[in-house]
Amino acid sequence: MTPVRSTLPDDARRVACEALQDTLVDLIGLSLIGKQAHWNIVGPRFRSIHLQLDEVVSASRTFADTVAERSAALGVPPDGRPETISKAFTLPAPKEGWVRDSDAVRVMADSLQDAVGRLRERIAATEKADPVTQDLLIGITAELEKQRWMFDAENVPGEG
Amino acid sequence: MTPVRSTLPDDARRVACEALQDTLVDLIGLSLIGKQAHWNIVGPRFRSIHLQLDEVVSASRTFADTVAERSAALGVPPDGRPETISKAFTLPAPKEGWVRDSDAVRVMADSLQDAVGRLRERIAATEKADPVTQDLLIGITAELEKQRWMFDAENVPGEG
Amino acid sequence: MTPVRSTLPDDARRVACEALQDTLVDLIGLSLIGKQAHWNIVGPRFRSIHLQLDEVVSASRTFADTVAERSAALGVPPDGRPETISKAFTLPAPKEGWVRDSDAVRVMADSLQDAVGRLRERIAATEKADPVTQDLLIGITAELEKQRWMFDAENVPGEG
Amino acid sequence: MTPVRSTLPDDARRVACEALQDTLVDLIGLSLIGKQAHWNIVGPRFRSIHLQLDEVVSASRTFADTVAERSAALGVPPDGRPETISKAFTLPAPKEGWVRDSDAVRVMADSLQDAVGRLRERIAATEKADPVTQDLLIGITAELEKQRWMFDAENVPGEG
Amino acid sequence: MTPVRSTLPDDARRVACEALQDTLVDLIGLSLIGKQAHWNIVGPRFRSIHLQLDEVVSASRTFADTVAERSAALGVPPDGRPETISKAFTLPAPKEGWVRDSDAVRVMADSLQDAVGRLRERIAATEKADPVTQDLLIGITAELEKQRWMFDAENVPGEG
Amino acid sequence: MTPVRSTLPDDARRVACEALQDTLVDLIGLSLIGKQAHWNIVGPRFRSIHLQLDEVVSASRTFADTVAERSAALGVPPDGRPETISKAFTLPAPKEGWVRDSDAVRVMADSLQDAVGRLRERIAATEKADPVTQDLLIGITAELEKQRWMFDAENVPGEG
Amino acid sequence: MTPVRSTLPDDARRVACEALQDTLVDLIGLSLIGKQAHWNIVGPRFRSIHLQLDEVVSASRTFADTVAERSAALGVPPDGRPETISKAFTLPAPKEGWVRDSDAVRVMADSLQDAVGRLRERIAATEKADPVTQDLLIGITAELEKQRWMFDAENVPGEG
Amino acid sequence: MTPVRSTLPDDARRVACEALQDTLVDLIGLSLIGKQAHWNIVGPRFRSIHLQLDEVVSASRTFADTVAERSAALGVPPDGRPETISKAFTLPAPKEGWVRDSDAVRVMADSLQDAVGRLRERIAATEKADPVTQDLLIGITAELEKQRWMFDAENVPGEG
Amino acid sequence: MTPVRSTLPDDARRVACEALQDTLVDLIGLSLIGKQAHWNIVGPRFRSIHLQLDEVVSASRTFADTVAERSAALGVPPDGRPETISKAFTLPAPKEGWVRDSDAVRVMADSLQDAVGRLRERIAATEKADPVTQDLLIGITAELEKQRWMFDAENVPGEG
Amino acid sequence: MTPVRSTLPDDARRVACEALQDTLVDLIGLSLIGKQAHWNIVGPRFRSIHLQLDEVVSASRTFADTVAERSAALGVPPDGRPETISKAFTLPAPKEGWVRDSDAVRVMADSLQDAVGRLRERIAATEKADPVTQDLLIGITAELEKQRWMFDAENVPGEG
Amino acid sequence: MTPVRSTLPDDARRVACEALQDTLVDLIGLSLIGKQAHWNIVGPRFRSIHLQLDEVVSASRTFADTVAERSAALGVPPDGRPETISKAFTLPAPKEGWVRDSDAVRVMADSLQDAVGRLRERIAATEKADPVTQDLLIGITAELEKQRWMFDAENVPGEG
Amino acid sequence: MTPVRSTLPDDARRVACEALQDTLVDLIGLSLIGKQAHWNIVGPRFRSIHLQLDEVVSASRTFADTVAERSAALGVPPDGRPETISKAFTLPAPKEGWVRDSDAVRVMADSLQDAVGRLRERIAATEKADPVTQDLLIGITAELEKQRWMFDAENVPGEG
């Protein structure tokens, strides 16, 4: 059953939809580990980071929806099932149990830094294949880089 | 590190937090498979079920947050990481790839039916251990039973 | 045709759905007589009671919807047709024609008092059968008791 | 007790208020049977019709309030009590129990068609008696004819 | 200078615009005496009537704007200057100084009753001249009759 | 296929639906030329008229929808396709290319003036055929006459 | 009947309430002549000034309400009846009939200028008598001076 | 520890902060007794006064927050602890138990009257010390005088 | 005077209303000490805790209102007067004067922990007496336990 | 008259503005045929597709406005007059009269598919000429491809 | 060209407008350095201070607008051009480059402290010249003192 | 201190961040001169241009924030201090003092035209260095070109 027509040649579609599927995995993964840290964080910066983590979750969920629907729109069914995410998600993530606030900041900064690095490769890969997909990945990168900056800035040790 | 005090005796806490952790897995799982079906559904009822599935996702996400924060509030860190969900989630779920609308309805009805069955056991189990947790599970059950009814009703074949 | 599956054993479902059907009749009835009084009230307290009656109507309509959908969710079709309400509704109600403000206050206080009394019996009856239904009836009772208090308080004669 | 003055001669008032009382019965009846169908509908079009029925209920309730208050404003107390509706309401209505989606569409189309037919007679009857009442009935007819069209359009069988 | 073209023959325009100018005077007058009563009312029903009077003011202001702009749209400049209102406004009105709540209710009921009587004459007068203007006057009458009913209902003496 | 039942006799329906179809053409046409002027206007009054034109467009679109749905509700399919509008639309309209602000004001005032003239004929034509349709046309006329007044008023040359 | 107690000595109350009554007259007058100009303005700046005039009306109405309620709060009933405004209002105002846009700007600038001059005298007069009333008059002056500036700025002739 | 710098000389700060602390006590007290009356009021005016009392509570809470934060901003920690309020609050207050509506009106009018009297002394006292604090107290007085007027007006006995 | 009827037997009402009165004291007390800490907190975490404390205040005020109105609805007048709170409130509270941020966190965590302990006893006590009251107390406990968790989590010392 | 300066060289401007004008025609055409189908659709999926079509209309109107204003911003007046659209619009469209739901889905899917194909050519054509225009076309393509996917998915036949 | 009339004598106007111009410089400067710190802040309190700084920016921008428009309203054109601010702004400000969170807190506390000191001189200077301007400066001072307090409180070192 | 990691190679980062810093200067400068003109404009088009200028200010402020945060996200601290803007801002700007409306239109059109020209160079420069930054600059250009068009269109002289 191939119910949804493509508007791209086969090769271009393959490149674009691989980039989209890989991005989908990273974004769903980020939304899950962002919530994990949101729930388990402890330390004097609890409230501030607890709220900041929910902004990562919210952005990741919105982008995941856009990315998956774009893949469907190109005629390739996206895959966001639990076992798929579990197998394919490889970004840094918090450990089980309580997470100290400074550890949460560090792990989120690293996870976002890696996610951005992977997105930049996909931006290059999709430039010829599909500028519409590329434009979407550019927008996601802009937001994740902004989130990454904020965790990096937060990661600078205090005075004294 | 046991940073968060309990307001329950140890046994009661164990019972309540196991119920909460199991419910967390079901709810995160439901939010992931609900989105999976939302993206991959095809057929003449596409738009109607596409929108209905997002209501399952939205309810599941909100309840997952409440359930996880309640576990933390009782002093037990919840676990919602991708690998945990993948291992522990056992409710019926859509297959990979495009999903026919009638299949989506059937699988969601079955998945919600099973989720409710498991919740009813936890309602019984937590009655003595923690009426506050029980009350939360009762509220979730009411909503999931309502969602289940709507998929069941939708599952009745048309005239002729 | 039994299109909607139950999540309760047959006995429990019968108890729960009888409680829900009886509550549905009381609530639809309250919404109709509340409007009747809202339209026909006269006297120096017209505006104040006219507005208060609409809050009874609004709460009754919202609860009626929840109660009926819960019965459907348990697999039993609710019945809110005009002839059903007319036959089964037995709470005190305003007479035909204009209603003096003090009479409207008295009749609504009495009607809500009786409705609460009947709800309390159903709360007891559903405790074992279905804690989810019981929790819903508890919530309705809380609101109707609050409304009843306000009519009772309003019913105290003025100074001198 | 005749607390509210009329702004119409007695004959005109009688004509206008009979038209209003009859319309009130039809509208309250429509709101009750619309909800009945909203709760009991089953079939592949469940969600779509379930939502559409609530728009009939919402419009009927709003118009019923306007119609009843206009009667009061003309000095004649309206009657919307359960027994009055039960006796006077004669439009087609769904049977007890589950309602197949196609049956719900048919019965609502017929009920609205009949309601519009009766309203058009009242529009003619009130033209001389009270143009203000007539204008209100015209507005109700416009909305109910629109609702009727949508159920009629929905009632056309699908392809094949 | 006759800057705005008419879409009516001269006779019809004269009839319509006289009806509009007279209505403008009544509505601005009602908005001023409504506020006068709103500020000066005293008695146990202060708050209830104080709020109700602001609804008369609000409706009167909105209708006055519509009526004046309709006259301009027909090519006749409306006149709402203080001296014009003072000379032409003849509806019952509160006296200078504090106003007892029951007096406020009576005078507003009478003023609205008279306003409606005059509007009904203008509805008849404009039927042939301009159905658009007539329709506007019908809408104003519906609202003022509703307001009049509420003051009449409020004017019925309390029990005992 | 005649899927939607009429609530009017055949003759009345023909009269009403011709009036509606002609009005639909005028309204869609007005929405297109209003946007054309909105985009191409130049001159010192650019911003003020640019915004005013969008109010014409917005009103025209809303009325066009109501008019077309009313025709469907009477059982006659409306026709708003590009070729239909192009053939049937005859109101004054801006030329291709930039439009000076004073020219935009003049052409819109003339176009609205003509539209109102045609609507007044249809109001007369539908009085017996269908008072519900007539009432709708009266409401549209009121708004377009108001818009026309504002362009006429704006068209008066400045001082000096 | 002196139902409302004063919180000021008699002399202070007299000074404060005279200032308030005079301000009430100016503000109601401004709201009436602002509307008069809003309806009757013609010329190329129609839309811009038409909207600006409604901001004068809106501010005047809000301040009039505050000023009148402050007088009541000090125990002196305010007087805003049509005949009072007509007699006491002396600020510059538009003539009967259509008003050219440049004339509307000039007359509103002059009227606001005079209103501010009178308010500044009352600010001085109430300084000792009642700083609460003075503070209210200061706030009104700030807003009316701002409105005056905008009409003055608008009154500067255009280039060449 | 004197963590917050002053922007006032020591004497001025002492005067301003004593006025603020005394006002804080009155406002928190008013919010507590306003709620006490809101909950315990009975009588035919129940609903109207019940709602009015909540406006006193809402205003008192908002002002209390502003007053306390102003004291902190001047470098003096405010004190709003239960024992402080209990000791220092001396305004008239309702007795324990049910409160008749007319008694609630009387006691609130008296309590607000006394509160205003005390505020006027503080307005005088802070004029030289800190015009910013004085301006805040003037604003509170304006609102409490308005609330007092409404209870006074409500306190006038009804007709006959 | 016993104006409000009970819907409970006397013994049950006594148990329920004692639980409600004790809870009312705790909640009003929490709202007062929450504000006290909100105003007086100092330290590097000022803004974060300052905002968090207002959430405790807001929740406490809302629950206090519900609890007091429930007692009234059961026929027992609640008591929230300053002297009552001062005498009966025994939860840990901040000292007079500036409060270091870490002290504010500790005292709020302890105060909420104790409040939850006392609520759990009342949940047990009201189970038989009044399930409606019990359900309300369960809801309050859920929220206060959540607030307590967040202060506990915040109380964990930072890294190094 | 060339009132608006370009920020592009002449060749680039010509390329960009041709792409914009062609896109404008497609978008206005889509908004007209989307409404045509919205009004004339019949069949069991009436409500679902009726609503979906309005989303196409809404998106098309918003994009048409942006596209036309971008052309003006580049100094070339856009052309959206009825005769221009009628001549230049060539996408698949519904026939006159009632449209079966499955036909509406097919024709919209085809029309959007063709529109996307044409947009992709313009994206390529404007890459060098004007990246700002290209970026706008990319955004439109993303949305229309998403809409196309949904109609394609909806076009898959139901089970059995 | 002196287009805007004064409502003050020349001397008073000079005093008031100098105070306004100096305040304008301080406020625009604060808005610029607030943003500078908002962008460049690093350290564990990043998020909390980052958000707090935007409240300074938002308040400064709003007040700057009010202050500049008041100067214009008094007939003196305000000057907020880049070179003016650069020359006249002398409050403490963050250095170029990244700013440690504790440094950002200190410099903002100092800058606001100085700004308040200068405002208090202008409050004194404008008392006789123009109480309306003085009242505006009092309002600005209240807000900046509040902001200053919060940075001061935040500046207290943490525990141990 | 280099607290924020880059996700770009050093050369690319230098190119991107120079483009961002130059754009930041232009945008802050535009927001300051837009306000300067907003405050000082005089002439018959005062209100229209006064409002339009605030849209330039609002867009400039929002873009400045985005641009500065993007630079920070790339690891380079942005510089928006008063002295930096004053030195580096070179776009056309209004003179000191009152500004005639036609001059304000001309200078804003020229300033935006120059800003766009500079942005187009930066779009070219960043294409290879950082497509994410380029995309942001493209979005800013689209908006500023739109604003420029409107001032250009407004700059066309009126008729006669």
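First chain written, first letter: the chains are A, B, C, D, E, F, G, H, I, J, K and L, and each begins at residue 1.
Keep in mind that, in the parts below, a residue touches a chain if its C-beta (ideal position, glycine included) is under 8 Å from a C-beta of that chain, and two chains touch if they have at least 3 such contacts.
Chain-to-protein mapping (UniProt): A, B, C, D, E, F, G, H, I, J, K, L = Starvation-induced DNA protecting protein.
Here the structure is a predicted model, which means the values were calculated and not measured.
**Student:** What chains do subunit C and subunit L have as common neighbours?
**Tutor:** Per touch definition, common to subunit C and subunit L: zero chains.
**Student:** Centroid of subunit D to centroid of subunit L, CA atoms only: how many Å?
**Tutor:** Each chain reduced to its C-alpha mean, subunit D and subunit L end up 59 Å apart.
**Student:** Compute the distance, rounded to whole Å, between the mean C-alpha positions of subunit B and subunit F.
**Tutor:** Chain centres of subunit B and subunit F, defined by C-alpha means, are spaced 52 Å apart.
**Student:** Touching two or more other chains, which residues of subunit F qualify?
**Tutor:** Those would be 1, 3-4, 42, 44-45, 48, 69, 72, 102, 135, 153, 156, 158.
**Student:** Quick one: which chain pairs are touching?
**Tutor:** Result for touching pairs of chains: A-B, A-I, A-J, A-K, A-L, B-C, B-D, B-I, B-J, C-D, C-E, C-H, C-I, D-E, D-F, D-J, E-F, E-G, E-H, F-G, F-J, F-L, G-H, G-K, G-L, H-I, H-K, I-K, J-L, K-L.
**Student:** With touch defined as at the start, can you tell me which subunit B residues reach subunit I in the complex?
**Tutor:** Counting only subunit B, the residues touching subunit I are 1, 3-5, 7, 69-70, 72-74, 131-132, 135-136.
**Student:** Considering the complex alone, what residue numbers of subunit I touch subunit B?
**Tutor:** Of all residues in subunit I, those touching subunit B are 109, 113, 116-117, 120, 123, 134-135, 138-139, 141-142, 145-146, 148-149, 152-153, 155-156.
**Student:** What residues of subunit B sit close enough to touch subunit A in their complex?
**Tutor:** Residues of subunit B touching subunit A: 1, 3-4, 28-29, 32-33, 35-36, 39-40, 42, 61, 64-65, 68-69, 71-72, 77-87, 89, 93-94, 96-98.
**Student:** What residues on subunit F touch subunit L, complex-wise?
**Tutor:** My answer: residues 41-48, 50, 100-103, 158.
**Student:** Would you pull the subunit B residues touching subunit D in the complex into a rising list?
**Tutor:** Those in contact with subunit D are residues 44-45, 48-49, 51-52, 102, 150, 153-154, 156-159.
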